[in-house]
Amino acid sequence: MAISTDQQAEIEAARQEHQQTRRATVPALEEILFQPLTVLDHGFVRVIDYMGDDDAIVQAARVSYGRGTKQARDDAGLIRYLMRHRHTTPFEMCEIKYHIKLPIFVARQWIRHRTANVNEYSARYSILDKEYYIPAAEHLGAQSTANRQGRAAVVSGEEAARVLTILREDSERCYAHYQEMLNSDESGAMLDPNRSGLARELARMNLTLNTYTQWYWKIDLYNLLHFLSLRADPHAQYEIRVYAEAMLETVARWVPLAHGAFRDYRMGGVHLSSGGLAIVRRLLAGEAVMQSESGLSPREWRELMAALGRDA
Amino acid sequence: MAISTDQQAEIEAARQEHQQTRRATVPALEEILFQPLTVLDHGFVRVIDYMGDDDAIVQAARVSYGRGTKQARDDAGLIRYLMRHRHTTPFEMCEIKYHIKLPIFVARQWIRHRTANVNEYSARYSILDKEYYIPAAEHLGAQSTANRQGRAAVVSGEEAARVLTILREDSERCYAHYQEMLNSDESGAMLDPNRSGLARELARMNLTLNTYTQWYWKIDLYNLLHFLSLRADPHAQYEIRVYAEAMLETVARWVPLAHGAFRDYRMGGVHLSSGGLAIVRRLLAGEAVMQSESGLSPREWRELMAALGRDA
Amino acid sequence: MAISTDQQAEIEAARQEHQQTRRATVPALEEILFQPLTVLDHGFVRVIDYMGDDDAIVQAARVSYGRGTKQARDDAGLIRYLMRHRHTTPFEMCEIKYHIKLPIFVARQWIRHRTANVNEYSARYSILDKEYYIPAAEHLGAQSTANRQGRAAVVSGEEAARVLTILREDSERCYAHYQEMLNSDESGAMLDPNRSGLARELARMNLTLNTYTQWYWKIDLYNLLHFLSLRADPHAQYEIRVYAEAMLETVARWVPLAHGAFRDYRMGGVHLSSGGLAIVRRLLAGEAVMQSESGLSPREWRELMAALGRDA
Amino acid sequence: MAISTDQQAEIEAARQEHQQTRRATVPALEEILFQPLTVLDHGFVRVIDYMGDDDAIVQAARVSYGRGTKQARDDAGLIRYLMRHRHTTPFEMCEIKYHIKLPIFVARQWIRHRTANVNEYSARYSILDKEYYIPAAEHLGAQSTANRQGRAAVVSGEEAARVLTILREDSERCYAHYQEMLNSDESGAMLDPNRSGLARELARMNLTLNTYTQWYWKIDLYNLLHFLSLRADPHAQYEIRVYAEAMLETVARWVPLAHGAFRDYRMGGVHLSSGGLAIVRRLLAGEAVMQSESGLSPREWRELMAALGRDA
């Protein structure tokens, strides 16, 4: 379970409080503020705070004195124009803060995005919860042979059962040994008065990479969309993609116009190289083009034909 | 005048609107939200939006589920500890957005701080206002001979009068020529139907560096405090220091505990080098120490004695 | 003239010195090291230092122990793959440092790219050279009416002559007044012993935005290519585009494989939105598509047809 | 063993090659270029490339055309001045690139410094080496009770033996299961033709946090010194501090003047708060000051007295 009863009570208490503000406010996002959205078996994403809305993008692009126009049609057009032409700075004027619980191996991918502010729960200072990620059977992908970074068909039968046993037992044992070395249980109570207990900063090294950690993560909208374009992509690892998908839903509530433009111009789009564009032009002119004389490598050719919905 | 009547009306309209929010809210900052604080002759700083408060720093440092403790004493102690030991990431969890009007030569110093988000009013796209900075007589510092980056006594009499005449006439003439080249007045109306008018992106190059520009500027609290520690410092140029001082007042309203810790540990403090520390220890031991055998250069010695309030 | 005789002698002296190194070295770039490439009337770009080469990209992508493969074919393929799939971090492993002289209004656009290291010649500390940009007659574009940020046909005849007169006279006069207020000539010699001279940090505000400044600018290859993709683009202002073009030539010497991939996948390419891609697919299927039922706005439609080389 | 025979051969081959260059070159650093400096039981740091030297700092600070003065005395003074007054940008003009092998739990601390370029060995794409960190007996610190983030006296006797057994056995078992799930040995050879093998991106989650990873890490001198000031500090965890110490030696070879200034002004220095400074002034005036009336908290008081070398 991602959230304990005490934590749920704290969250509920925070949700009960309402304040008056002059700031731009988004009721659809306020609705889910502080609430954990469940991801994987013990993880979550919850929105802790936000700054700005769709209007704030328009307002910054125009460096205006008031709240921006009330002509919603113009605002939508401007936001789509900014997204299409990669005018990034107005999107940087919105900011969002998440509290996220995630397996360490996912956190290691995630942290590579350097344009966010992060406060992680410290395993030097505190004892990590006894929670580790065990994949659902349908996500036990075999190693792809076509793509060195990807998964192929799902591992099944005895092999799958063995994998799940290994993951469960090793996680369990490593965590038990972590407590033994700490000489402390999860609550911090001493186990054996005759032992001094290893420093937390050392004992943690025995934990497996599927152990959950958590952090506060704050980012502006432009960099968030860049993160989501990479991590909600079908080529991203499933275990980070599900976080990206949960966050995309929060973006849809927060800045629906920017979210729509992002879907149209970033997520669903495709980049054509100069060579690829030349081939599209030739095809449109009715010419038959073959890979062998296309100037593209076989791999690029396959990627282009896939994008155009044609047989390679 | 920094703000036109129309702009003031837009600001007032925005100030009338209030929303309900679950987010951390700071009444003392809400009071002045959107209102321009006048700086120099035509400039201003106004807070457009903010995220977080003192509690949010504590909450992030603890990666907590709720709003942080209600034991205000503990929170103050933690914030002071974080500031003293340069734990910077919790301060990054608060964010503020300003709308600022400032002379271009000040903007050029300011933009060197790279950790902010900026949307500047575009002189490629729009026509700049007819506003330029003319220093008050008491700020016409002469070139310091002791410090190549500083000002000495104020220039006065005929020399000062001549300086002010030059600045006024050149600004005025260059702006008039800007309009003539644009073939357009400030409102964008064409001046002479027989001329095509130079592109805005070219005509702007005739403006002087005291012309005012404006931008939206958004930054997290940690980087804001770093900016303010440099720009509210007595060694900073007066024309940027007055902006930093106005912003410090907004910080005092926004996050009073962090502001207090910043005043104590950053603004009023001093850094001792290993050599300087060794001398302080010797002095405390009752030893007489002379510059010549201190291991410090004459300049470092003077700086240290000044910090300690002793004659060099 | 961009470079004085003394400066040219210093550059030549530096070019005479050769050292032995174990580092990756690029003879084609060494050839022009330190030499100014002239840009605009008084500006220049010169490469001061560099780190890495095409091999270094490959080496970092593979986290290898040696110099990377000697199979040049594989390296080219890998670099093209990395560029195509936006694997950006290996390109960050190369670094280059330029010394650039440029008009202040160009510097103001340039500095918006925040991912570089910059040391600018300080007008608080030093006296700026008497050099200002005056456009060549063929670059005096009129304001475009179709594109608020662009230029149309060239201003000509009397209007052009008047523009050039204004620019020359105002630059000249403002600079002369700058010296008068400083009470100093370009060499720093005092003009009038009876005046104290205004502080440099103040006097500079009388200069026009076409005055030249200079800086050291250091950046990694990934961020450089991003900068160049924006600033070598036909929509960029001419006065910054010529700098980007000069720098592209240095990139071609430095990392020819990365440069080739950049030309193919970034400069000459086009991004299709999901709507645009759908239309391309319909066109390829032989369907006639009209803007009115395309789901694209008239402006997007025109942009798409232009990219595809078709009449809108 | 950190480096295999093949890897050592690749390194030696790279070390044999010498090129001519016009760039600033540092013989003392060239001497150790590419060579691994051993850290912990299987880790290393090796310098792969560098840009600039002490002169380059001076050259950038002066925006000069040549190589900087040959008056070494002036250069040292300028570098010390820049370090003392936190003029950071000239130090950003030097860049260094390391190849580092380190335990994952150390990598997780390290990556929090966001101002570097990183390429990490990918466990999605490749199989990690069978190497994990086991602390030497003298580094098995017990949890400190005074400092929640620190270590106290060393755990010894049976408790120590048990800790080492746990760490060895769990690392060994988890790695063996990693290979079993992959259905692959370290070389990539299949173990059992009847199993498909779990995707590498999943199997890795079973590894413990003391498993070694490796990366290329590139950073400018300013940010490197900031990193080292935090990580070579006595409060840093031992396992990252030894890396910082090895890197400090490479800095001493590379930029001896900057290194000396860093030692004097950063590493050995102390920051006094405004309250601390007031107390130092009172003590110097011969006044007896007690904590109770000092205005400092007991903890701050102890820290100050320790810095001044006095009993608290």
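Labels A, B, C and D are assigned to the chains in the order they are written; within every chain, residues are numbered from 1.
The rule we apply is simple: a contact is a pair of C-beta atoms (placed from the backbone, for glycine too) under 8 Å apart; a residue touches a chain by one contact, two chains touch by 3 or more.
Note that the structure is a prediction, hence the values are computed from the model and not measured.
For the pairs A-D and B-D, the count of C-beta pairs in contact is higher at A-D.
Over half of the residue-numbered contact pairs at A-B are shared with one candidate from B-C, A-C or C-D, namely C-D.
Taking each chain's centre as the average of its CA atoms, chain A and chain D sit 29 Å apart.
The distance from the centre of chain B to the centre of chain D, each centre being the mean of the chain's C-alpha atoms, comes to 34 Å. Multi-chain contact residues of chain C, defined as those touching 2 or more other chains: 89, 112, 118, 120. Across the complex, chain A meets chain B through its residues 3, 7, 10-11, 13-15, 17-25, 30, 33-34, 48-52, 56, 59-61, 63-67, 89-90, 92-93, 95, 97, 99, 117-121, 214-216, 218, 220. Within the complex formed with chain A, the residues of chain C that make contact are 77, 80-81, 84, 89, 112, 263-265, 267-277, 280-281, 283-284, 297, 299-300, 303, 307-310. Residues of chain D touching chain A in their complex: 103-105, 107-108, 111-112, 114-115, 118, 120, 122, 124-125, 133, 135, 140-144, 148-153, 155, 159, 162-163, 166-167, 170-171, 173-174, 177, 180-182, 195-202, 204-210, 237.
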